[in-house]
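You will see two complexes here that share subunit A, one where it goes with subunit B and one where it goes with subunit C.
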Partner chain A sequence: MGIVVCVKAVYDPEEVRVHKRTMTLLIEGLHLKLNPLDKYAVEAALKLKEKWKTSVTALSIGPEEAEDVLRRTLAMGVNKAYLVTDESIKDHDPFLTAYLLSKAIKKLGDFDLVVCGEKSIDWENRQVGPQIAAFLQIPLLHRVDNIELGNGKVRVREVFDGEALWVESPLPAAITIIKGGNKPRFPSPWNISKAYRKMRVEKWGLKDLGLSREELKAKTVTKVRRQFIFERKRETKLMVEEAEAASDKLISHLNKLLEEI
Partner chain B sequence: MILVFEFSLSKELEFFREVVREFAEEEIAPIADRIDLEERVPMNLVKKMCEMGLMGVPVPEKYGGAGLGEMGYAVLLEELGRVSNSIATTVGAHTGLVLNPLWIFGTEEQKEKYLVPLARGEKIGAFALTEPNAGSDAASIQTRAVKEGDSYVLNGTKIFTTNGGIADVILVFAVTDPALGARGGVTCFIVEKGFPGFKVGVEERKLGIRGSSTAELTFSNCMVPKENVLGQVGYGFIVALTTLDGGRGTLSAGALGGAQSILEEMVKFVKFRDATGNKISDRQMVQWLIADTAMEVEAARYMVYHTVSLIEKYYTTLASGKRVSRVFREKLSRKTAIAKAYVSEVASRAVERGLQLFGATGYIEGLGIERAYRDSIIGEIYEGTNEIQRWIIARDILERGLD
Partner chain C sequence: MGFEELLAIYEGKLVKEEHRNIWVSIELKRGEITDPSLEVLGKARQLADMLGTRVEALVFSSKREVAEKLVRYGSDNVYIVKTFPQGKFNLETYAKSLTKLAKERKPEIFLFPHTYTGSAIAALVAANLETGLVTNCVDLSIDTSERVLLQTKPIYNGKLNVVIYTPERKPQIATLKPGSAAKPFEDELRSGGISTIEVDPGEIKTKVIGEEKVKIKRDIEEAEIVFWGGTGLGSKENFDVLRRLAEKFGATVAATREAVEMGLAEEDITVGLTGKRIKPRVCLAFGVKGSYENLAAVKAKHLIAVNEDEEDPIFKIADLGVIGNPSKIAELMVKKSS
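So, the complex of A and B:
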């Protein structure tokens, strides 16, 4: 029995400023932090660990500095931590991230559960969890706030639009976690010093995953066309016409707004 | 003059700060006003902090602590002081005034019996030095300890003891030889709250730090076994001074946290508050208040961590049984006096400016400004008033010269 929990090192959007002309993120001097939702994922995995005496491995992809974020997972109580890091995987889109994570999970060996936060606070793509499930060809349990294990099966509560649904699945399976249920524990100072002094974060490069830079390029599917700051504007427009004329007017107005984006 | 500044925080401590800040924001800040209003130590919160391991941060792992040193302890106090000076004070008295002397002066048996449970947060500590006739003039203490067989019998009264009402273990300073006075006539005793003859008296009501316990302790024929002498007989003043020389320096991190929080509140407020059609942040007078506070907080932060790095060196050396040179000790004493007095006054000035800026909004209860105003003043008084600190600073400069 083994649980892999995938986490991401992110910059806090509250702290990041955007360069108005180049649209680049000004991140100098900021610390990478453990994605808030991933704390819930780690907590969920640790609860299972305590109840079922299983081991939990934390896994991440990111720059070298992401190591500190993995230390946090160690301080929370995961058994081992791995960081996939390579110069060439700087701008990884969700698809590539999921591909690399699934490669790394396979390399880790036997596992029963892959647990991820549902989304990261930086880009909020919400794709990595489901795509890992697809790459590994295992069932996906999406938007979960409660997990139970037993008899070689997993039972989870999925939450959509306030509706909850208990779902059962064979193992192995992938789970994406949402807030609720498991309030993440604060790492104790004892465990913080242990995580820094007695434990280590294993680092894997592309080669360790048996991949080349060319393969990596081929797997990058997202193309960023334009970046801009979205300004949320509220405006009221009254269209006082006959119903049909008003709806035509509304549609053309909405189309115009879409073009502006 | 050789300037040595070695006080970058390790990644471990940066991470520790992140965790403590989260804890403080989530668990303390929402109830900080209530803690103040209820005027007692929030034992549920303290229990949570004990379980989390926040009560033994500087002590080595071997003795139940986290081994994060004085730097880690300063980080903790800064973050606690940022949300509640009551809580910073409670943790500070326990850690700086009890754990550290036990670690430095305790025998292995004493460490096993007292330091370990205190550092693990299973017990709470207090430090009882002040008496009705011995405040700043601590040499005038009158509590007596007389040897009877294998025990000492303590008689006397201690006042203004932080954590007095909640402590399980109390370090008590008593006169063992009146003829010798402060130099050799005072001894430090480890007293358990269950010892016969020990009683907690009046709990003081205070201007600020109302969520901390400040109590009177009485000893009437209180029997203390002789193995509970901390250090040696007659060594009490060395224990007390070593503790206070360091403790007041690290404690200034709590005042720094208080100043930092006021600065943050000021910045938030002026960007939001409109007056006569403009944000008040557009006004130069307001900008200067922010700039002045930012300058002082910046200076205070460097001062605190530089001083604490020296305290860490001081305590680690002493605890390993090595001697510390007189020159280093005097230098440290001056530096911690400077940090204690300066940073507490930075905090008071910051909160005065903050209150004026917030106007009536800050004067009423609920925003934490009036609480901060009341809470900041104690920094200028406890662990040696700022007048005593100035005396230490000036005496050292005039006797030993400027660096």
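So, the complex of A and C:
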């Protein structure tokens, strides 16, 4: 029984600024952080570890500096951490990210569950978790806040818009975790220090995954053409209406906003 | 393109571009077509007219009225997809069925509404077909010189927008954020084809074993939707109306420091400089004046304010302001949304 939890190192959108002339992100001096939604994935994996006495491996892909973020997962209680990092991985392509992560998971060996956060707060693609499942050809259990294991099966609660489905799947399976289940733990100072002094973050390059640059290129399916700023000034729209009409408009306006995810 | 290739196309021996048509995956809620699906359909119509191709809608439903409606909203063709095992929604079944259909029929573009289920199905289909996907798009357009779909999405909380395309693979798959395209008009005179197709999705490993309604109770700090009550509500009874309204919309209730001091609500739901800080997606403020104490703790993507005095500072920062009696409007909203 083994659990792999995939995490991403991100820059906080609140801290990032954009260079108005080059339309590029200004990240100098900023630190990469563990994607907040991935903390819930780590917590879910650790809860399963405690209950089922299994081991949890954290896996990430990113620049060398992402190592710090993996150390944080070690401090939280993860057993081992791996970082896929290679100079030739430059472009942003979630398809490629999911492909490389699935390759790394296969290399890690036997596993029963792959756990991911629902999305990252920088690009908000909601894509990598499901695509890892597809590349590993294992079932996807999506938007989960409750996991039960037993008899070689997993039962989860999937939450969609106020309705929930209980879904049963054989193992191995991939799970995307939503906020709202268990609260992520804070590592103790002692564990943080241990994670930095005594534990290792293993690094894998393209070669370790058995991939060439050509294969990397072949698995890059999208390209960024340009970047631009869409200036939106906050402008208040005032509405003076009879209570009757105002309430109707508010309800339809709210419903529209709630449809966004 | 060489001369021989051109000749082959001319003689009809070679179809250069075999991927044709724009597909739209339609979602239903209680048997009705959802608005985000119709918005995608409207966008697909525009793109198809630029490309000189057709819009084909796919819907997992056996009702003919739904298909007829999709034609009136802009589909040239509607496929009613019948799959196995029939019955309840299952992500795996839907994704495998759509993958199989797209493999066989080769659409050029495949669009989904960016909903929880739409984005997951799109991701699975894109991975299975080994093609590009761009999610949460706010705009889609065609680069006519290269015949590619340009997909615009906001990143870093909208601080930057990126235009992405899939240069070589087909179909080009995208999910469209709800509210970013207009819902098209229904054209009573439009005609189109309707057909039922049966797909065998192959082995399905997951099984839906139960369903339940959930009330997701979250801490205020984590809540996505917050209804925020202030002194303008006037009484404890009116504050309870706000609670009932919040329940209907799955929102979390918060109060201002002033309202708590007036005894309208309990201390633990105070939002303000001296209380909790929130950053919800939607914040609806009823009777909140908007003092510095109040506003310093709120960072909402969409802020809506209902209050009587037009001069209140909250109207300076709200996206939508409604001048009126907050408790009266809240009460009417409770009645209307039941």
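Annotations
Heads up, the rule we're going with is that the second predicted complex is superposed on the first by the 228 of 261 C-alpha atoms of A that agree within 3 Å, B and C clash if a C-alpha of one lies under 4 Å from a C-alpha of the other, contacts with A are read in each partner's own complex, and residues count from 1 in each chain.
As a working rule, a residue touches a chain if its C-beta (ideal position, glycine included) is under 8 Å from a C-beta of that chain, and two chains touch if they have at least 3 such contacts.
Bear in mind the structure is a predicted one, so any value in this text is a computation, not a measurement.
Legend: residue contacts after superposition of the two complexes on their common chain; A:F186 is shown touching subunit B, with no touch to subunit C.
Contacts of A:F135 after superposition on the shared chain: subunit C is touched, whereas subunit B is not.
In the superposition on chain A, A:R71 contacts subunit B only, with no contact to subunit C.
One of subunit B and subunit C touches more residues of subunit A, and that partner is C. Using the contact criterion defined above for the overlaid structures, shared-chain residue A:V167 touches subunit C, although it does not reach subunit B.
In the superposition on chain A, A:K33 makes contact with subunit B only, not with subunit C. Subunit A uses no single residue to touch subunit B in one structure and subunit C in the other. Across the complex, subunit B meets subunit A through its residues 10-12, 14-16, 18-19, 22-23, 52-54, 56-57, 61, 65-68, 72. The touching residues of subunit A, counted against subunit C in their complex, run 11, 13-14, 16-18, 23, 25, 93-95, 98, 121-127, 129-131, 133-135, 139-143, 155, 157-170, 176, 179-180, 221-230, 232, 234-244, 246-251, 253-254, 256-261. Residues of subunit C touching subunit A in their complex: 34-36, 88-92, 95, 114-117, 119-120, 123-124, 126-128, 130-136, 150, 154-169, 177-179, 205-216, 218, 222, 225, 249-250, 281-282, 284, 302, 304, 306, 310, 315-325, 328-329, 332-333, 336-337. Interface residues of subunit A facing subunit B in the complex, by the touch rule stated above, are 31, 33, 68, 71-72, 75, 186-193, 196-197.
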